[in-house]
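Order of writing sets the labels: A, B, C and D. Residues in every chain begin at 1.
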Amino acid sequence: METLITLALLLPLAGFTFLAFFGTRLPEPWPGVIATTTAGLSFVLALIAGLDVIGGGTERLTVTWFEWLPALGVEASFLYDPLSVLMTLVVTGVGSLIHAYSIGYMHGDERYGRFFAYMNLFLFSMLTLVTGSNFAVLFVGWELVGLSSYLLISFWFERPTAAAAGKKAFVVNRIGDVGFLVALMLIFNTFGTLAFDAVFGEAPAALGTGLATGITLMLLLGAAGKSAQLPLYVWLPDAMEGPTPVSALIHAATMVTAGVYMVARTGILFELAPVSAGVVATVGAATALFAATIAVAQFDIKRVLAYSTISQLGYMFMGVGAAAHVAGVFHLMTHAFFKALLFLGAGSVIHGMAGQQDMRKMGGLARVMPWTFATMAVAWLAISGIPPFAGFWSKDEILAVVFGRGGGWTVLWAIGLFTALLTAFYMTRMMWMTFGGKARWDDGVHPHESPRVMVVPLAVLGVLSVVGGLINTPFKPTLEHFLEPAFEAFHVHLAHPPEGATPWVLAFVSIAAGLIGIAAATARYRSRVPDEERGAWKLLNRGYYVDDAYAAAFVVGGGAAARWAAASFDQKGIDGAVNGVARLTGAVARRLRPLQTGFVRSYAVAVLVGTVGLLAWFMTRGGF
Amino acid sequence: MDFPVLTTLIVLPMAAGVAVLLLPRRRPELALPVAIAASLLPLGASLWLLVRFETGVAGFQFVEHVNWYEPWGISYHLGVDGISLLLVVLTAFLFPISLLASTAIKDRVHLYAASMLFLEAGIIGVFLSLDLIVFFVFWEVMLVPMYFIIGVWGGGRRVYAAVKFFLFTAFGSALMLAAILSLAFVARDQLGAPTFDFVQLLGVDLTRTAQFWLFAAFGLSFAIKVPLFPLHTWLPDAHVEAPTAGSVILAGVLLKMGTYGLLRFNLTLFPEATVDLMPVMATLAVIGIVYGAVVAIVQTDIKRLVAYSSVSHLGFVVLGIFALTAQGLQGGVIQMINHGLTTGALFLLVGMIYERRHTREISQFGGLGSVMPIFAGAFLFTAFASVGLPGLNGFVGEFYVLVGSFLSLPVWAVVAATGVVLAAVYLLWAYQRMFTGPVTLEENRGLSDLNAREIVILAPIAALILFLGIYPKPALDRIEPSVDAILQRIEQTTDYRVPDFGSGAVVDLVGEHGE
Amino acid sequence: MSNIDFLALGPEIAVTAAAVLLLMIEVARKPSARVWGWIAGIGIAAALGLSIAGWVLGRGTDANLYFSDMLALDGFSAFGGIVVFTLTGIGLIAGWGLVTSLRRRGAEFVALVLIAAAGMHLMAASANLIMLFIALEVASISFYVLAGITRNRAADEAALKYFLLGAFASAVFLYGIALVFAATGTLSMAGQESFLGETILLRPGVLLAGIALLIVGLGFKVSAAPFHVWAPDVYQGAPSGVTGFLAAGAKVGGFAALARVLTVPLDAYLDDWAPAVAVVAVASVVVGTLLAIAQDDIKRMLAYSSVAHAGFILLALTAGDAGVEAVWFYVSTYALQVVGAFAVVAAVSGPDTGASPLDSYAGLGKRSPMMAAGLGLMMIAMGGIPMTTGFVGKLGVFRAAIDAGYLWAVVTALVATVAGLFFYLRVIVRMYMDAPGGDAPALEVGRGPAWAVGITSAATIVLGIAPWPLLNMLRDALPF
Amino acid sequence: MDLTVTPGWYMALASVLFVIGGAGLLLRRNALVMFMSVELMLNAVNLTFVAAGRELNVLDGQISVFFVMVVAAAEVVVGLAIIVAVFRRRATASVDELAELKG
């Protein structure tokens, strides 16, 4: 089994290495085929190994490769417990589909081989992240997915916007990483180790609330960076500059959920720090609402989905913040299905529209792209929370748990509910603007359905979006039973939805919210595209001008400060002092030169002065 | 006596330098190949040393000890331990590479190649000397070849830069010499005979005040070399004006002489002062980390940018050293190696583009990624190593330093961690401006990608970057005992205790470590 | 007189005889310059050989005083002889171009050099203050003439200034001798030593004033500030072919005399004169360094630098006996550096000219690699960079001064050393880093300067890396 | 009142002469006069030697004077030669005219 896990990890890495060196020389579609094969094989191997865990034969497997950082007791070692199994399967499963899809989508790109190399690198990184058995290996994966994300966002680096977006993503993520790093330092300082087993094992007994709060808030900062939560979400909308499969895989299905995974993984620490858990949930709720309102006013199809992703990630944060880790991870999984589907669908649309992303220039595509439309419609219902589609079950469970916590959590629940309404609204808006109504295409654009290699993954994901939710219904919580041992092993107490009739009521309320949203949007957008470019719409469209504010503060303000430091302080101040000493010495030397007058009699005076001086000294020693 | 491998390491490049000078002047094309071939000999010797080095031993190995002039207490005493071992290997490794990267030098090649070889001998001597005077001799004498390399084969303001480099460093060493001499007389009063022998000096008791002043004198000299804020302004000038190989050596090994000195001498000879001044040094280090990075962001000259990044990275090394924890010290040492590799590689890359375009202004580039894909890839790889991406070498050192310094100096460590963000900003922004976007200037359109020679130059460094990132254990295992010995000595001679992590220990973020 | 030992006077006899012979043959036969060279060479070689013989016999032993305690034959004087005659030989080789350019007066020149050498050695060997005065005058008067030997405007001015100030300083020095004599009742250094060692003077004023004046007189010779004022003008005005000899010779003779006078008869008053010497030393280092920075003629620069070096050497004397070893090492190796450096100056600017602007060195690295390398090495050595004798010399000097408790003086001197590097480096900048204007032709270098530069460079490096033969020797070169 | 002229008086006189000589050197411009001042200083020292020798009852003082006189004579020879050489070239004996080397 251990070998299988090792292989599952290393296959994508091997794929990356091979393609990085030889990818450019292989003709299309071979790089894609190779990359898809490694991804698929990796999925199969993970599944076989996972079945062992799922089947209950062993609850967890650990693979240790070598000692990595001896002084920190860190080994390159991997943990395969139910939570990692689930994450691994989602990552490799969805990943394989998207790899396959990309074979068609990236057709004709001049750096075809490079793309698949990067995709495989991402897979390897993400697998490292979700299987690492200690914080350090987790952090390795954490950073490497950041690298892959950077490479893939700026894949079309000839576009200045793409290059800028990649850098922005990496830098903003790094801000979060500072938090993560500080958390790691605190953890090592407290426990003397970074291994999950030891840390989580000792935490309940050894960790005070204050310290736990400190650690978890720092972890949250890291998670907020990676999972695009307030206030570090700004990179994700820009990340849509990358090729659409990248958006689907990295910026919707997998990488951005790493924060959720991390909070769930470190659940015990958050349990010991109720304040932090509350902060997590609050950040999640706030982000969910905030991003949903922005999504309402976007015209770029991918930006709608990007803000939607941020919003959905907020849900997951709400869930894990409320200690509903299973619900959070469950939503992570269903979201991976339907959001990947939405992105791939959007990609298919963009592909068909020859690169057009503005929904105002679409419309009426349902007829031309039936498969795309059908699969996206499934995803639309799933995200809108309509049963029995996948999104309903997971979102509903989160909201139920949050409601069940009572007190202030009720407010969060209300926000979540309103966000559900908004979600349904903007998704419906997107569907109508894209597929419904009249065609508003530019001249010369001839939309067409995508090739089979792209449609098949859509269909598979469509199926998963329908049935994926059934894995964990209140009637048969299979996933919960499966995941529970993983949390129990780390002493986490899971929060559950309230018992009795309440869940039913809550479910109906949220279905109603979804339906209201759908209805409202249908009414507004069914037949026309209203003018939404002024007033509050404009404010929402520009994302409350947060980006501009950040730019003003950090890019303009910070830039000015840095320029001052470099030009004035460093060059004129410090170096000026250094050169000043040199110049002063030179000036003194030049001032002294005239003393050597050239007149022999003044020289004699100098000798005389010296003589008198020496005599005076000796007089003080003895006197006459 | 065993084969004097350490002396061989010093003498080989020196003899090679003389040999190069004696080559017929009518055949300048011979000088560089001969020098490259000759520089492989010390590399071989250093690898032999690496293989024969006994891992897990704290003390000095391969020791050579001959009296130089007994009445003054000077002895030719060489030895290598886990700290110096890797630095020696790094030095011997970087020289053939830098020489290979020097084909652009056409003027007085003999002198150039000889200067490089003399420089190598001097640097290796610094790392191997266990007698303070011999150490000082190498420390100071290596300024001369470096001065020539910058001053003769450098850029437009080369004379200014060379003289500044020389005087700045010499100023520091002047006070160090006074301190060394004073130390020898204290030793005479206690041991009966004056001695400059490092090992013997460890047995000398110094008052707290004496330690303070001696620490200050040694420390100033080393801090200038590191360079520690605010003594860093010679560095950008020297780097920018130096020819490529000069920059590589300057950043790769020369700066390490400063941090090595702090570690080898300040920490062991003046433990009480070390403990007293720990916050001061750490503060300067942290200021350097942040300040160097901030200033690097807005540089318009790529070489200057990399130079300021060195200020930032070396800050990590100093922070690690003055964290006075096992992790911090190990991190500091490994970070020296890592910085040598990554920044060396960055300077090589900058040199390669400079040879093609004769400019280093970032604004003169743009869109190179599509013109020179291999070059772009190599640059990005190195940049990420420098940024501290896990899996590449830069991370290991930074992580050790951060975790290690957090144990004793939590606030400093947290501030230092922000350097991680800034590093990403300056390097990736520079990459963005140089390599991405459309090709804006006609001159850049026809640039040729890296040739075989250049790939041969970069490949070994890249391999080491990867190896040390993934499996640093062999290196760390060799460092560990020596570093532990230093800490033990500090604990034995002062009331400082290396802060231990403990279950439930509340971290006092005010910065007072638990006693 | 039973204790007459002509070995003590042997070197003087050898060079003086050579000088006299040379002048006589010149008058009688008008031989070619080559003959002068042979005669001078044999004389110097004989003097050197006799000094070595004296070293073998006299080193390490206690007072070997001859001629009624007028002369000492001890390690100190023998070593002084070795240094002086080596120096004279190299100096003559380096400046041989000057000899030929003087035509018939070249014989005078060579004879004067030989007589000056005799005077310099006597300065190291004198065991009596009046003897010392005579020795000093023999050397000085020769120097005055040598400085003006070319009889051009600059040389005239240099010679007259040197003469007037030198005579003034000699008078002061002589007055110092008289006062010491008045206080101790003897002119013999040995006598003074035992008198001052056994007697506590109730009113030491006369003696102390005498010491002050002795320091002034000898400080003038070694060009310590503020008695250095003559040096820049003389260095610059004197023909380049002889400046090195003048500069080095004055230093060697002056410091030999100073070391013996201060550490033998006046040893008991160390606490009184050492602080004064330290102050003079620091003043010399600072003034010399600062003024050297502002120079644009290499000879003036070297003059001020020699002021600074005088300061460094004086530092060692603050340690009394214990510093003599360092003084010897420094002054002997520095003398070689000076001779080497001026050999290059003579080659670049011509042996018979005075001025040697720094600008004329531009591109010397290409015009004459060997001369440039030699001068560069000398600059580095004078800057105190290791692996040259300059470093070992400074090391010894600073050791001695720190041991004597003058850390403040050492630190000041060290900082000044760094400032001093500025102008040494500037010479290297000119030679290697500034392009020569236009196509400067390769520099024709005669065999004389080439040999002089070669020998001094080799000595500077070899003794810089392996100084212990010389250092071991110096332990036997202490005054009686 | 004791009017005996002790050797101490001679020494005092000598010091006064010495200072006068020094002052002459500083104040006069003519090279010849300056040189004469130096001679005066030397003779002041001679007086000191003689007085001290007499006081201490040793002959060294008196003998020294002969040496000094010889040396002074040699100095005169060379000094006058130099002065004359300068005078012939520049037609002046004022040392203030000789200030080309400076700085």
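The criterion applied here is as follows: contacts are C-beta pairs under 8 Å (C-beta built on N, C-alpha and C of every residue); 3 or more make two chains touch, one makes a residue touch a chain.
Just so you know, these numbers come straight off a predicted model, no measurement behind them.
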Which chain is the middle one, judged by CA centres?
B
Distance from the mean Cα position of chain C to that of chain A, given in whole angstrom
77
Cα centroid separation, chain B vs chain D, in Å, comes to 65
Can you give the whole-Å distance between the Cα centres of chain C and chain D?
26
Gap in Å, rounded to a whole number, between the CA centres of chain C and chain B:
43
Set of chain D residues in contact with two or more other chains:
22, 25, 34, 95, 98, 100-103
Any chance you could list the residues of chain A touching two or more other chains?
582, 593, 596, 598, 600, 604
Junction residues of chain C, two or more chains touched
160-161, 164, 168, 172, 232-233, 294, 422
Between which chains is there touch?
A-B, A-C, A-D, B-C, C-D
The chain A residues in contact with chain C across the complex are 582, 585-586, 588-590, 592-593, 596, 598, 600, 602-604, 606-607, 609-611, 613-615, 617-619, 621-624
Which of the residues in chain A come into contact with chain D in the complex?
593-594, 596-601, 604-605, 608
Tell me, which parts of chain A touch chain B in their complex?
66-72, 136, 139-140, 143-144, 147, 150, 154, 157-160, 162-164, 166-167, 170-171, 174-175, 177-178, 181-182, 184-186, 188-192, 202, 205-208, 210-211, 214, 559, 561-563, 565-567, 570, 574-575, 578, 582
Within their complex, chain C touches chain B through residues 365-366, 380, 385-387, 391, 395-396, 398-399, 402-403, 407, 410-411, 414-415, 417-418, 421-422, 425-426, 428-429, 432-434, 467-468, 471, 475
In the complex, chain B residues that touch chain A:
164, 167-168, 230, 232-234, 291, 294-295, 297-299, 326-327, 330, 367, 369-370, 384, 389-391, 395-396, 399-400, 402-404, 406-407, 410, 413-414, 417-418, 420-421, 424-425, 428-429, 431-432, 435-438, 470-473, 476-477, 480, 500-507
